[in-house]
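In order of appearance the chains are A, B, C, D and E, and numbering begins at 1 in each one.
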Amino acid sequence: MVPLSAYVALSATLFATGLIGVLIRRNFIIVLMAVEIMLNAANINLVAFSHYLESMTGQIVALFVIAIAGGEAAVGLAIIIVVFRGKISTNVDEINLLKW
Amino acid sequence: MLEEFAFGFPILSLLLFLPLLGALSLWLLDDEDLIKNAALAVSALELVLAIIVLLRFVPDSAAMQFSERLRWIPPLGISYHLAVDGISVLFVGLTALLTTLIVVHSCDTVRQQIKLYFMTLLALETTIIGIFVSIDLILFFVFWELMLIPSYFLIKLWGGGVERQYAALKYVLYTLLGSVFMLVGIALLNLNYHDWAVTHHIEPSYSFDFLELLTVPIPRDQQILIFWLIFAGLAFKAPIVPFHTWLPDVLLEGPIGMAVVLAGIKLGTYGFIRFSLPLLPDASKSEGVVTIMATLALIAIVYGAIVALIQPDFRRLLAFSSISHLGFVVLGLFALNFQGLQGSLLTMINLGFSTAGLFFMAGFLYVRRHNTHLSAFGGLARQVPLLATFLLIIGLASIGLPGTNGFVGEFLILLGAFKAHWVYGAVAVTGVILGAAYFLWYYERAMFGPLAQGLGQAMADLHARELFIAVSLSIMIFWIGLYPAPFLRIMNGSVQALVQRLDHGSAGAVQATRLISRE
Amino acid sequence: MIDSTLLIILFAPFAGATTLLFVSNKQALLVRVIAAAAAGMSLLTSFYMFFAYDPVEGGFQFVKRFEWSKELGIAFYLGVDGIGAPLVLASSILLFAGIFISWHIKDRTKEFYIFLLILAAATMGVFMSLDLFFLYFFYEMSVIPMYLLLGVWGSHTKGYLDMSDPEGLKKRDSVGFIFNFAANSKEYAAMKLTLFLSVGAVVALMGILLIYKFSGLNTFDILVLREQAKFSGSLATIIWLLIFFGFASIAPIWPLHSWSPVGHAAAPAATSMLHAGVLMKLGHFSIIRIAFEILPETTHELMPIAAVLCIFNIFYGGFVAYYARDTKYVIGYSSSSHMGYVFLGMAALDYISLTGAVLYMFAHALATGMLFAMAGWIYDQTHMRDIPSLGGLVNRMPFVAACFMVACMASIGMPGTVNFIAEVMIIVGSWHKYPFQVLVAVAGIALTMAYLFRMMRGVFYGPMEHKYSHAHDAVAPVDRLPLLLMIACSIAFGIFPGHFYDVIRSGVDPLVTRITAVVPLAEQTREELGVRSEAKVSGDLSRSLLPSDNPSPLTPTRLSSSQAHASRGSE
Amino acid sequence: MVLAFFAYCSLVSIVAGFLTVALKNPVHCGIALLTLLLHVAGLFVLLNAEFLAMVQIIVYAGAILVLYLFVLMLLNLKTDERYLHSRFALILFAAVAICGELLLLIVGSPFGGLKGDAPTEVVLKDGASYAIGIKMFSDYLLQFEIIGVFLTGAIVGAIVLAKTPTSADIDNREG
Amino acid sequence: MTFNLTLSGADLLLLVPEMLLTVWLCVVLIVDFAMPRLPKEHLAYLSVGGLGGVLACLLWFDLAGISGSLFAHMFVVDGLALFFKIFVVGATILVILASVDYVRRFRFFKGEYYFLVLMSALGMMFMASANDLLSVFITLEFSTFGFYVLVAYLRDDAASNEAGLKFFILGVFAAAILAYGISLVYGETGKLVFQDIAAASYTPGLVIGFLLIFAALGFKIGAVPFHSWIPDTYHGAPTPVTAFLSIAPKGAAFAILIRMFFVSLVAFKPAWVLLLVGASILSMTYGNIVAIAQRNMKRLLAYSGIAQIGNILIGLAAGTKMGGDAILFYLLTYLFANLGAFAIVIAVGNLIRSDEIEDYSGLNRRSPFLAFAMLVFLLSLAGVPPLAGFIGKLYIFVAAIKEGLYTLIIVGLINIVISMYYYLVIVKKMYINEPTDPSPLSISGPMKAVVYVGLAGTLILGIYPQPFIDWVVAATLMFSNVVDSTASMRPTVPPFGG
């Protein structure tokens, strides 16, 4: 039997990977992908807890997370397309009309 | 509100406010002659009132007479308290007389803003009378300060000199600087009254009333402090020597009327004899105070006389002679004996005739030459004999020639001074000698000798009004000189009481009055 | 109708301001008339309030209370005591005068009057608030109108730095300059003023909040806090310091004063009047109302701080005023200097001195109001505030010159004006505790005299430049009315201060009793407060002073030595 | 066996996750992400969540990731020369430190939440899909409906942003 | 595993406002499609009408005291929820009215604008009722996605696109963090409903979970250090959207924060008070100091918004019922003042096509009404009596001082002065400076209505706030037992202690 902590450790590793990815990558699309990794990390957690806590709630939350991710991906990619039309770039550094 | 009319009729209030009312009524007039006559009438009426007061005054009494009392600011113990006694009553008459004479003199000499001039002058008279009749210290202070305002304008607007602005400001500033310290002194008297009441659990309250303040003892140290605080105010006004620098400027730059008032009415020394000495007897007779005051007085006498000696300008000369004379007065005061005090008091009155008279004379000269500098004169005796005569009469009075009023006063002072300490007397005598020297020397140079350049037939002798002034003054001079008894009798009672109080000190005297008032 | 006197006083200006919102700026006369009517209403009611105030009864009168917020313990609680009443009166007098002083403002008249009315009403609100919250509410409310009034309608000292003396000395080299640097912009002045006041306000707010918390009463009601709030030693000290320095910054006490003259100088005349006349008094008043009422012991302990600082106030302000070259700076610094007297009177914590301090606030409001009004007039006529550049204006404006003289006299404390009474009281009351300060104060009076006369001479006398020959005197009744009103009040109250004194005293007495735990001296006869104990004394004296049968009290005649001895023993 | 499958899936997931973040070419990143998603689905199977595993593959891998790849193709992105954020070193240091601590704390945490009403045997009896369905349409009905509205809105939003407007959409009648 | 859903008519009644709005936004969308010739501002009035109905319904709920919970307590209708729903709907109405002129600038998809605004409003209404972490996650994302689109709505404007992109990236990042945090909390407690979580013990997983959730919500409200999207997004977004974004989501997020801290985490109060104090101090100070340097009105309001959030966090840090009341009240004052200020920015922006502060020079001469209204709003934001902001700030401070948060209050007071400065700089520009172009400005009817509502709200809340105070006090009644000031007296539990 796989211990719960293994799942948690896996999820945490993935979350950390995604987090670092979001923070260091310049390309917006890859940043979005890193966010997807983080969401997946959350899902692993949820499903694992659902299993070990013998409650369906976790799975349902995971399902909603997937749905939300889908909706946001649609909107987000639309935004990226809009920006791309204007600037021909998807890099964080180059989108600097507004100073940080 | 009104608590008492000792006389049955508020004659002092009338005396006090008549000139002010006159001044206000002048405002309504437009015609110049009418204004002059009205001003004359007002001042004459005032003089008549003053004479009535003098006649109804009970001589040889130390009591406060014609007392009027009205609560003004009860919680602080400030009241509208008017009264005269032997010390102050003569000054009232003097003021009324001099104002009348000034009005007479001004009818010819003042050319511009006549209405305003007479209004200011009459207002000034009110404030000066106020100073003399106030028994409440705050009321006194009020008039003391208010006097500055008409003075300031008189000097500034009608002064003859180019530096009159400066002189006016200097006068007001100096006097005010002193008076604020005097105010503290007055406040301290009040506080002392209060504290004494608190510690004795008697009707604790504040009071600025001179008579009530007399009823409490004051610790000696505090007396000395208060003395010097009040001294600051009085010394500037008097002026006592190191504080005198405004005087020559004002007398020179200001109009004759103002000069007459400042030189003739000795407000500063009146303050000493009215308030400082009776309220602060222990301080007044303390060795330090006496020594300092006497020293200052002697310095004033000698310094004033010497400086006067070398003045080519008549009015400047008079200014320094006035300082010198004031030295006599102060010396007499701080001789602290009956003769000295009486002499001082009389001299203060005398100066109102002699020094003021000399200023009138200077005015007469000024009208004729628009200058009082020696270079403008010479050989006048032949040209204007009347003027020369009266100048001599008044001048001799100022020197103190026997037979004139000056002699009586100075004699009494010297007597008092010798009695106090022979050195004082000895030094003071040199002042008399120098006094004779500077006046006579100047007189000789101005009146005799060759006729000055440009001094032709244009020079007219005294005309009627001027003659009136000169004669009035001369009458007074000879009256006091030959028969001073009525005046001395008026003073006697009060001066006697003062001397006794000085002897007893404040604590001793107080017990008596408190016991009396409690019966 | 219960008693809505205070509501009328307070809300008449607000109502006026609201009405003005709906009036077009083009109808300038209507705007002015509405403003004047609102202020007049307030003024008349203030006079009624002041004279209807019953000093025998004392305490807070005309009280109005509306529950405002139960959760926070706030009530809209109005009432005046003997300290608030005169200051309300002063505010309404200055507001009314200010309306007329500003009669000729052309630029955005409506807005000007709106802000002026709000400013004045807010100050009145402070003086009548019995709730800490509303006190602070109105206090803070008065700041912003100041900003706009200064910023929009204020004046610069144009090219001040480049101007030179008749002697050819650059202004910037003169001694006065170091105190006035960078002050030639009205925006700067307005911002500085607002920020200073805001800092002071938040410091005070901190103190108020601490009172609120540690009283544990869940109320801002000053009367309740006064009776029930107890604070431990160090806490009370902290609160007191916060309250004191928070409010003293508007007063302004010495190291915190620098906004004030700058602000005075930049402000338009009516604003300077209100600013110097009443706004600065908010500080003193609030200290009295909060620190004195709620923290009496601490006040007793710490008030000497004010006594020390007031020396600097008096001297520093006085000297800078002496060296200043700008009419409004002179008056501004003189105000700053004179506020030292108020602090002195407050610091002495004596019945008389505190009464004097309150009276002085009133007196100073009138005197400074007049001075600023006329400085404003002169500026309007000549567009010049630089004293050496002016001169000889007496020929062009004799009426203003005469009024200026009166105002100077009042400011100096010339007898006959109410300032004199106040000064005497402060001196009398403070001597016991602070003799040195009293001497400084009287020297300050002389100093005041010096700079005011110096200014008067520089402005009104001496040779006049030709370019000022178009300057006008205040001839029209609307121009003369405010000046005459202020002069009349100053002199009338100076000569008849009886009611005034009684009113203030009725407010001061319980306060000082609480603080010093010394029973007021005439406590036994308080019920006959109007007459007090003097009646008896003077009765005795009048008997003893009849001239005919009594000798002068100078003469210690009828006293036998044994009697003297006995009485001396009893002493 | 279970352990080996878990080990396989988790290791591949981690590597794929790392590659997603680290690779230069966005398309390669997408492929790595796809790998990750598929292996996570495997983990779901391991946890008796077969319905979720299918959703993961169909929706996530099938729809969302394809969308990504489609956009990448559409925009024709090239490999980045400098692919890291300009301030990456600092951020990386901080992020690694924070993540490390996070990891330690989380792994050390007990995660002993209250047991629910769906023990494994019950779920296995009717199947995970059934269990999810029951839950979804009873307790979580509202959220489900909200997601429905959300997805509608998302479609409209995406269209509004991304659609090339036709002349009918350009509405200048009102100025 | 049995199906046990029962919904009575009374239960459904609780959902009526949301259902009404859902139907209405579909109506708006359909009307837009079906009647392409309909002037678009009619859509705005249509939306406002629908929202008016929702508002009426909500007010009826509030007055009639209708409350309850559905779906295993995951959807609650209580005073707090109703307050925030009214808040959100009110803000939405005002924003739609303020948008009418601005929407004319869009070249296409004007109708969808209103649809998306209503969509976001719907999401925020659900947020107000969310009582479990799943609902929090879903409704948060629901309300935010609308903003992603709205912020980037000016498709031809690079700044708007960029703003949308930044907002989106950080938004989904926050969503991922939120999801992960929820998963951890779920793992530690096995529950998602706030009340159930409250029973949980104190473990690192739970702490980290809540920290992550707080971080995500911090992104939402823009508290430092999660504020970085705020200035750019505010700057780039269409101004009405900025206005909307600056108010409604904040309110809704505070509904969640209040529930989370006051219900779930009440036992750990000493720990999170420190956290909130830190966030509050940073937000206030950073926001105000950076605001001083701003040259653009929207950016300035963005930074001032960060500072205002810091102020509101003071109330949360107080952690008492009174703190909650103060937050609600402050949000109300903020609603009127901030929305009013933005309305003016929109109006001026419409007229002179600029948001630079410099271009506000002499506004008083060009339009006294606008300048005066702006003055009132800015001063209210600065906290000057007799305006609403003053009461709001005071309420917050009173709540905080009762808990002894002296440092926080001192910092808050200092910040009032700092903020006074930059608000006054704008006032100076408007009133003292001379306009470069003195032509007068006038604004349209709907905009005027918004400004009047803002003015009225700002003044009424400042002068007679008692009814509103009563309202907020009633709205947080359910916390009076949960959180009281004695909670702070419990022994401190270190956040990461063993």
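The rule we apply is simple: contacts are C-beta pairs under 8 Å (C-beta built on N, C-alpha and C of every residue); 3 or more make two chains touch, one makes a residue touch a chain.
Quick caveat: nothing in here was measured; it's all calculated off a predicted structure.
**Student:** Would you pick out the chains that touch subunit D and also touch subunit E?
**Tutor:** A
**Student:** Based on which chains touch which, give the shortest step count from subunit A to subunit D.
**Tutor:** The least step count works out to 1.
**Student:** Quick check on this structure: which chain has its C-alpha centroid closest to the centroid of all protein C-alpha atoms?
**Tutor:** C
**Student:** Which of the two pairs, C-E or B-C, is linked by more C-beta contacts?
**Tutor:** B-C
**Student:** Based on CA centres, what chain would you say lies at the far end from subunit D?
**Tutor:** Result for the farthest chain: B.
**Student:** In angstrom, rounded to a whole number, how far apart do the mean CA points of subunit B and subunit C lie?
**Tutor:** Whole-Å distance between the two chain centres: 39.
**Student:** Report, in whole Å, the distance between the mean C-alpha point of subunit B and the mean C-alpha point of subunit E.
**Tutor:** 83
**Student:** Roughly how far is subunit C from subunit D, going centre to centre by Cα mean, in whole Å?
**Tutor:** Centres of subunit C and subunit D (C-alpha means) sit 72 Å apart.
**Student:** I'd like to verify one number: the distance from the centre of subunit A to the centre of subunit C, where each centre is the average of its C-alpha atoms, in whole angstrom.
**Tutor:** 67
**Student:** Please set out, as single numbers or ranges, the residues of subunit A touching at least two other chains.
**Tutor:** 8, 15, 18, 32, 43, 48-49, 53, 55, 57, 60, 64, 68, 71-72, 75, 78-80, 82 - these are the residues of subunit A that touch more than one other chain.
**Student:** Can you list the residues of subunit D that touch 2 or more other chains?
**Tutor:** Correct list: 102, 106, 109, 111, 113-116, 118, 123, 131, 134, 140, 143, 147, 150, 154, 157-158, 161.
**Student:** Quick one: which residues in subunit E touch 2 or more of the other chains?
**Tutor:** 134, 138, 141, 145, 148-149, 152, 155, 164, 184, 186-187, 190-191
**Student:** Would you please name all pairs of chains that touch?
**Tutor:** Chains touch in the following pairs: A-D, A-E, B-C, C-E, D-E.
**Student:** How about subunit A: which of its residues touch subunit D in the complex?
**Tutor:** 1-2, 4-10, 12-21, 23-27, 29-30, 32-34, 36-37, 40, 43-44, 47-57, 59-60, 62-64, 66-75, 77-82, 84, 90-93
**Student:** Give every residue of subunit E touching subunit C within the complex, in rising order.
**Tutor:** Listed in rising order, the residues of subunit E that touch subunit C are 322, 325, 364, 368, 372, 375, 379, 384-386, 390, 394-395, 397-398, 401-402, 404, 409-410, 413-414, 416-417, 420-421, 424, 427-428, 431-432, 464-466, 469, 473.
**Student:** Which residues of subunit C touch subunit B once you look at their complex with the stated criterion?
**Tutor:** For this pair, the touching residues of subunit C are 352, 405, 409, 412, 414-416, 420-421, 423-425, 427-428, 431-432, 438-439, 442-443, 445-446, 449-450, 453, 457, 461-462, 497-498, 501-502, 505, 521-522, 530-534, 536-538, 540-548, 550-559, 563-564, 567-568, 571.
**Student:** Would you pull the subunit E residues touching subunit D in the complex into a rising list?
**Tutor:** Interface residues on the subunit E side: 1-5, 15, 22, 29, 36-37, 39-41, 70-72, 74-75, 104, 107-110, 112, 115-116, 119, 122-123, 126, 134-135, 138-139, 141-142, 145-146, 148-149, 152-153, 155, 164, 184, 186-191, 196, 200, 203-206, 208, 496.
**Student:** Flag every residue of subunit D that touches subunit A in the complex, lowest number first.
**Tutor:** Contacts found on subunit D: 2-3, 6, 10, 13-14, 17-18, 20-21, 26, 29-30, 33, 36-37, 40, 43-44, 46-49, 51-52, 55-56, 59-60, 63-64, 67-68, 71-72, 74-75, 77, 80, 82-86, 88, 91-92, 95-96, 99-100, 102-103, 106-107, 109, 111, 113-120, 123, 128, 131-132, 134-136, 140, 143, 147, 150-151, 154-155, 157-159, 161-162.
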